[in-house]
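What follows is a pair of complexes built around chain A, which joins chain B in one and chain C in the other.
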Partner chain A sequence: MTESEICDRLKAALPDAVEEFESQLLDPAIRVKPARLVEACRFLRDDPSTRMHYLRLVTGVDRLPAGETPGRIEMVYHLWSYEKRHGIVLRVHLDRDNPVADTVCGVWPVANWGEREAFDLLGVTFTGHPDLKRIMMPVDWVGHPLRKDYQRPDRYHGLPTNRTAVLEQGRVQVATAEHVAKAEPVSGYMQLNMGPHHPATHGVINFLIETDGEVLRRAIPDVGYLHRGIEKISEMVGYLGTMPYTDRVDYLGAMFTNHGWALAVEKLCNIEVPRRAEFCRVIASELNRIASHQIATGALAMDLGAFTPFLHWIREREKINDIMERICGARLTYNYMRFGGVSRDIDQVTIDEIRRWLDHYEPMMLEFDRLISGNEIFIRRLANVAVIDPDDAIAYGLVGPNLRGSGLAWDVRRDEPYSIYNEFEWDVITGTGVHGVVGDAFDRYDCRLREIRESVRILRQACERIPEGEVRTKTARIKPAANEVYTRVEGPRGECGFFVVSDGTDKPYRSRFRTGSFTAMTIIEHLSPGLMIADLVALIGSLDVLAPEIDR
Partner chain B sequence: MNIMHYLADLLVRSLFKADPATWPYTWIAYAVVIGVGALLAFAFVAIFAGPVTWIERRIAGRIQSRIGPNRNGPQGCLQWLADGIKCWLKEDLVPATADKPLYLAAPYLVFTGMFGAFVVLPFGAHVIAADLNVGLLYILAVTSLVVVGLLMAGWGSNSKWALFGGVRSAAQLVSYEVPSAFSLMAVVLMAGTLSTQGIVGAQGGWPWQWFVFRNPFLFAAFIMYFISAIAEGNRTPFDLPEAESEIIAGYNIEYSGMRFLFFLFAEWANMWIMAAVATLAFLGGWQIPGISPERIAEAKGWTFVGWQALSFAIFVFKGTCLVFTIIQIRWTLPRLRVDQLMITCWKYLVPLSMGSATGVLLLMALVREGGIVDWVMRGAMLLVGLLVAGAYIRKVRATFMADRDNYKKMEGRDLWYPPYRLP
Partner chain C sequence: MTENLSGLEVSRQCPTGGDAAPFVVTTRVDDLVNWFRESSIWYLLFATACCGIELMQTGGPRTDLDRFGAVFRSTPRQSDLLIVAGTITYKMADRVRLLYAQMASPKYVLAMGSCANCGGLFQPSYSVVPGVDAIVPVDIYLPGCPPRPEALNEAILRLQDLMKGEHWASRRKHQ
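Then we have the complex of A and B:
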């Protein structure tokens, strides 16, 4: 169904809910009345003709009053149906001084964190939300940073918040007696912080866990330790200036965040990408995917106590880093993509180098399999642990290998094609329950491992077919007209989406990065009761969450 | 006569020209001899545990295709000294909320438990601190002291993660002591004594005289003892009490400096103890092939010293082989989950080890030692042992060969290099 058909369908069912159909936008949106939002959402989810079970993105945009128009806060909901392969954007306009909306957590559980973020950064209150509190900023922070008229407080708990003041003050005294005051035991169970600097949390994430001996009663993720406000920064540094910052969103898959950002701006500005540049993008991306999946699978093995496989993967990853250094001059934060192409060409020597490396790498994958994949202890630690069934996976917004691990064959590269991926021959990997049931931790691990092989296939074809030509189109100053766009790429941690609102200037009015780790974290609280501490570690590892990607 | 006793008497006789039986200060001589003996044993522990850390790290480096410590001294062989000195120089931190006496005492208790076991280890034909007639029982008892130490460390740190580690290790050690004791019981039944020298004496120098190849039940007991010993030593795949990815470091998380080192010291010393116990109980101990213990005892002068040295070397060699296996296992396998750990112990190892002890009893009653059936059993078990060793070597070789050419093509150098040319 096209967007207008969906709008008609919604109008027919709930005539008074629809305010306007905004077809002028790149992603056409339906504006609904705030009071009828939940109803509209539930209809779109359950109606047999729409079946939108997947809430892709929930975020907000702050609009300052401009002349006659009063200020408002727009909540944006991107819906998608895996079954029908169509999507729609819902939008509600809220009063800027007192923004209140109904929560859609009851429709899609994944909305929980998205709404918390809107509450935190934009000050939108959601009625009926189960756990409405700040997520990125500290709980007692004053103000909402993504508001356009936000003034940063000078001090927080007596600590200066800007750099000059910190330098002037010299040493900062942080821990005081009140901070280490003993917490009263409330529940009779052991409560403890797993993190923020715990070896298994893959970065600075905290889990507030409550255990009965070794068995978890619940684990509540607490994030925001790595929040750098990249979306806010992007509003200040402009479109091209944001490109290096996207590297830092996902440092293991920087090529994909680069790519997604480039796609978004190219779509806004209608920039064509030369064919050779598309090949360069694919080659660089797939190399990066291999590197990222290696870290994911290796780190999972390390979390389960097997140190050696991780280091063997690191050895192979060094070669990828060397190749990346040849391609774009950096080993980790690539900053490779440009609007309308890539920063440098991949020369023939490098392509030969990649081919030579692939010849070496394919047998090395077998080495890794021999080392750990068939290990009985490893299998028993992962099989039948933390099973996610497909319905849950969709409702909690899992994407990428986590979703495919639950048996749903959905890959953005194939199903919503971008770049030139549909020209290559490769398969979408799904979990098969090889050692347990479909959707267990081993399937997610297995999916990643087999995806590496598919990336190798794509790489071989791309190296074979890369045409001659330019790698970048000449672009004028990036100054897109006022519009909104949402683009997505298939990153190693799944769908990596970029929601960009432009206002006719050379800087984005608002941007929101939809990352796989952010939504994957929401399912942990749901899955945790009854797991053991060691299983929680396996779950986190198998979901491949990455702290900077969660917090951005 | 006990060698320590003999030495003390000799001291009194030669130095003071007195009869040790009547001289009133004999006890001082005894104390001195015991003290020197303890110091020597301590030196052995230190000298063994130290380099083993370096050897383990070099082996781990090899397994993980990296180099490992190679800077301090030739091939990095003084790394352990550097580490030790570094730990001595570090501040001995005590958390403000810790239970101080427990916290401070725990490392010593752990260390004493490990160190005490060295008293009865028969390093050579006559190289033993004290040949107690309850030797094996003594080892089991004194190493149990470690549990108390670990619990004290876990509780005294007043950290929840440390408590997790302490409780995990207590549960694990107490559980795995059952199968390890039952496996050793099979040996005790065969030897008819608890004395460590007696057990070694009941075996011979040749492999078919070792207890491990005597009959299938003892072979099984050896494997079960080895597994339980790894579990008691908190080594991978049973290293749950110090699982860094789950409970960060376990019971030693709050410790620093030398106290922290004592825990690691005890861990590496324990690795040697379990290898030594397995050697003496199952692999013939220090017995020299073709030389009977009586001949060693009758030898005089340098021949005597030579036999002692040879037996010592044999014992240490066998033990080191087992230690290497433990190290290899540690750097290859992932870790079990806590319920799987308990299932392994109580559902499989405990009944099977009981069964093996019973089986040994049955065979002792039914099969005459030295008879045809006995020899057939020994031969068959030796064959099985050789097959296991062969399969192991073949597996390692096949894995190596599979990657060799590929590695050489990419790296331009050989995957294999001889030990004397380590990088």
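Then we have the complex of A and C:
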């Protein structure tokens, strides 16, 4: 169904809920009455003709008062149906001084964290939300940073907030620990903090776990330890200036965040990308995907006690880094894509080098497989552990290998094609329950490992077929007209989406990065009861969550 | 007879006179202690952000920090060196202090990457501490975003130099 048909359908069912159909936007949106939001959502999810079981993104935009129009907060909901392959954007307008909306957690559990983020950063209150508290900022933070009129404080707990003040005050010579442990209510169960500095949590993530002996009663993720405010910074530095920041959103898959951001701006400004540049993008991206999946599978094995496989992958990753350095000059933070192309060409020498490397790599791949995939301990630690069924996977917004591990064949590269992926021959990998049931931790691991092979296939074809030509269209100053856009790419951690609101200036009015890890974290609390503590480690590792992607 | 053994000034003397073994080694306490310290820099695996990946690569086969006796530890109790690899946010600041306090003296801090040095790319941000030296005393500043493994390697060598010039008890006094 097209967006206007969906709107008609909603109007027919709930005539007084729809306020306006905003068809002028790149992603047409339906504005609904705040009081009828939950009803509309439930209808769109359950109606046989729409069936939108996947809430892609929930976020807010702060609109300052302009002339006659009073200020408002807009809450934006991106819905999608895997079954029907259509989507729609819902929007509600809230009073800026006292923004209150009904929670949609009851419709899609994944909304939980998105709404908490809107509460934290924009100050929107959600009635009926099960656990409404700050998520990114410390609990005693004052103000809502994504509000347009937000002023950052001079100090927080005596710490200066700018470098000059640090230098004036003088560097610390003696450090004291001022940390005060919070008193937790006694519940008869052991309560532990796992993190934020813990070798198995993949970056700075904290898990508040409540255990009965070795068995978890629940594990509550506590994130925000790496919230760097990239979205706010993007409002200050402009479109091109944001490109290096997108590297840091997902540093293991920087090409994908680059690519997604470039796609968003290209769509806003209608920029064409030359064919050779598309090939360059694909080659760089797929190399990056291999590198990222290597870390994911290697780190998972390491978390479960096998250190050697990790070292093998680190060694192979060095070689990818060398190639990346030839391609874009950086080993980690690539900053390679530009609006309308890429920053520099991949020359023939590099392409030959990639080919040679692929020849070397294919046996390595098998060696890794032999080294660990058949290991009895490894299998037992993963098989039948933390099983996610497809319905849960969709409801909790899992994407990428985590979703495919549950048996749902959905890959943005194939199903919502972008760039030139549909010209290559490759397969979408899904979990098959090799050693257990479909959707267990082993399947997620297995998906990643097999996806590496698909990337190798794509790379071979791309190196073969890369045409001659330009790698970048000349673009004028980036200054898109007022609009809104959401673009997505298939990153190593799944759908990596970029929601950008432009207002006719050379800086984005609001940007929101939708990342796979953020939504993947929401399922942990749901899955944890009954797991062993060691299984939690396997679960986190198999979901391949990455702290900066969660916190941004 | 004096000679230089792994940077340690030693003089060998045979107690019975002559050159035959067994012999005793005499050196200064400072040199000996520093020699121990500099050749077993155990660093805390404290990878908060992107720089942590380069830290990981540095520990990997190509750069191989193990050569210098530097191996990673997962707990601050066993670490001599805190490598702050990445951005520190206000939410994290207290935890960094806590980690530092848990390390046994003598302890050192290496600020790896622009974020840890001064806030780097994230100076305009509302949530990032502009430099980890506002929280803990820093011994080595390593620039780069992220620094290459070679650079981190160099930083460890510089730290060894720093350790060489120390009086064995002096560092304890300050902490």
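The rule is short, and it goes like this: the second predicted complex is superposed on the first by the 539 of 552 C-alpha atoms of A that agree within 3 Å, B and C clash if a C-alpha of one lies under 4 Å from a C-alpha of the other, contacts with A are read in each partner's own complex, and residues count from 1 in each chain.
By definition in this document, a contact is a pair of C-beta atoms (placed from the backbone, for glycine too) under 8 Å apart; a residue touches a chain by one contact, two chains touch by 3 or more.
The structure presented is a predicted model; accordingly, all values stated were derived computationally and were not measured.
> Report for A:196: first if it touches chain B alone, second if chain C alone, otherwise both or neither.
It touches chain C, and chain B stays clear.
> Touching A:534, do we find chain B (first), chain C (second), both, or neither?
First partner only, chain B.
> Quick check on the superposed pair: does A:381 touch chain B, chain C, both, or neither? Answer first, second, both or neither.
first
> Tell me which touches more residues of chain A here: chain C or chain B.
For chain A, the partner with the higher number of touched residues is C.
> Using the touch definition from the top, say if A:315 reaches chain B (first), chain C (second), both or neither.
The answer is both, since A:315 touches chain B and chain C.
> Once chain A of both complexes is superposed, is A:405 in touch with chain B (first), chain C (second), both, or neither?
A:405 contacts neither chain B nor chain C.
> Let me test your reading of the model: by the given contact rule, A:370 touches which partner, first (chain B), second (chain C), both or neither?
After superposing on A, A:370 lies in contact with chain B but is clear of chain C.
> In the superposed arrangement, does A:253 touch chain B (first), chain C (second), both or neither?
neither
> For chain A, which residues lie in the overlap of the chain B contacts and the chain C contacts?
The overlap between the chain B and chain C interfaces on chain A comprises residues 199, 311, 315.
> Flag every residue of chain A that touches chain C in the complex, lowest number first.
Touching chain C from chain A are residues 136-138, 141, 145, 150, 152, 156-157, 159-163, 165-166, 169, 171-179, 196-197, 199, 203-204, 224-230, 232-233, 236-237, 244-245, 247-248, 251-252, 295, 311, 314-315, 317-318, 321, 331-333, 547-548.
> Enumerate the contact residues on chain B facing chain A in the complex.
Residues 60, 63-66, 160-161, 164, 236-237, 239-240, 243-248, 331-340, 399, 402-403, 406, 409-410.
> Which positions of chain A touch chain B when the two form their complex?
190, 192, 198-200, 214, 301-308, 311-312, 315, 319, 356-357, 359-360, 363-364, 366-367, 370-372, 375, 377-378, 380-381, 532-535, 537
> In the complex formed with chain A, which residues of chain C make contact?
Residue list for chain C touching chain A: 45-50, 52-54, 56-57, 59-62, 74, 86-87, 89-95, 97-102, 118-119, 121-131, 133-138, 145-146, 148, 174-175.
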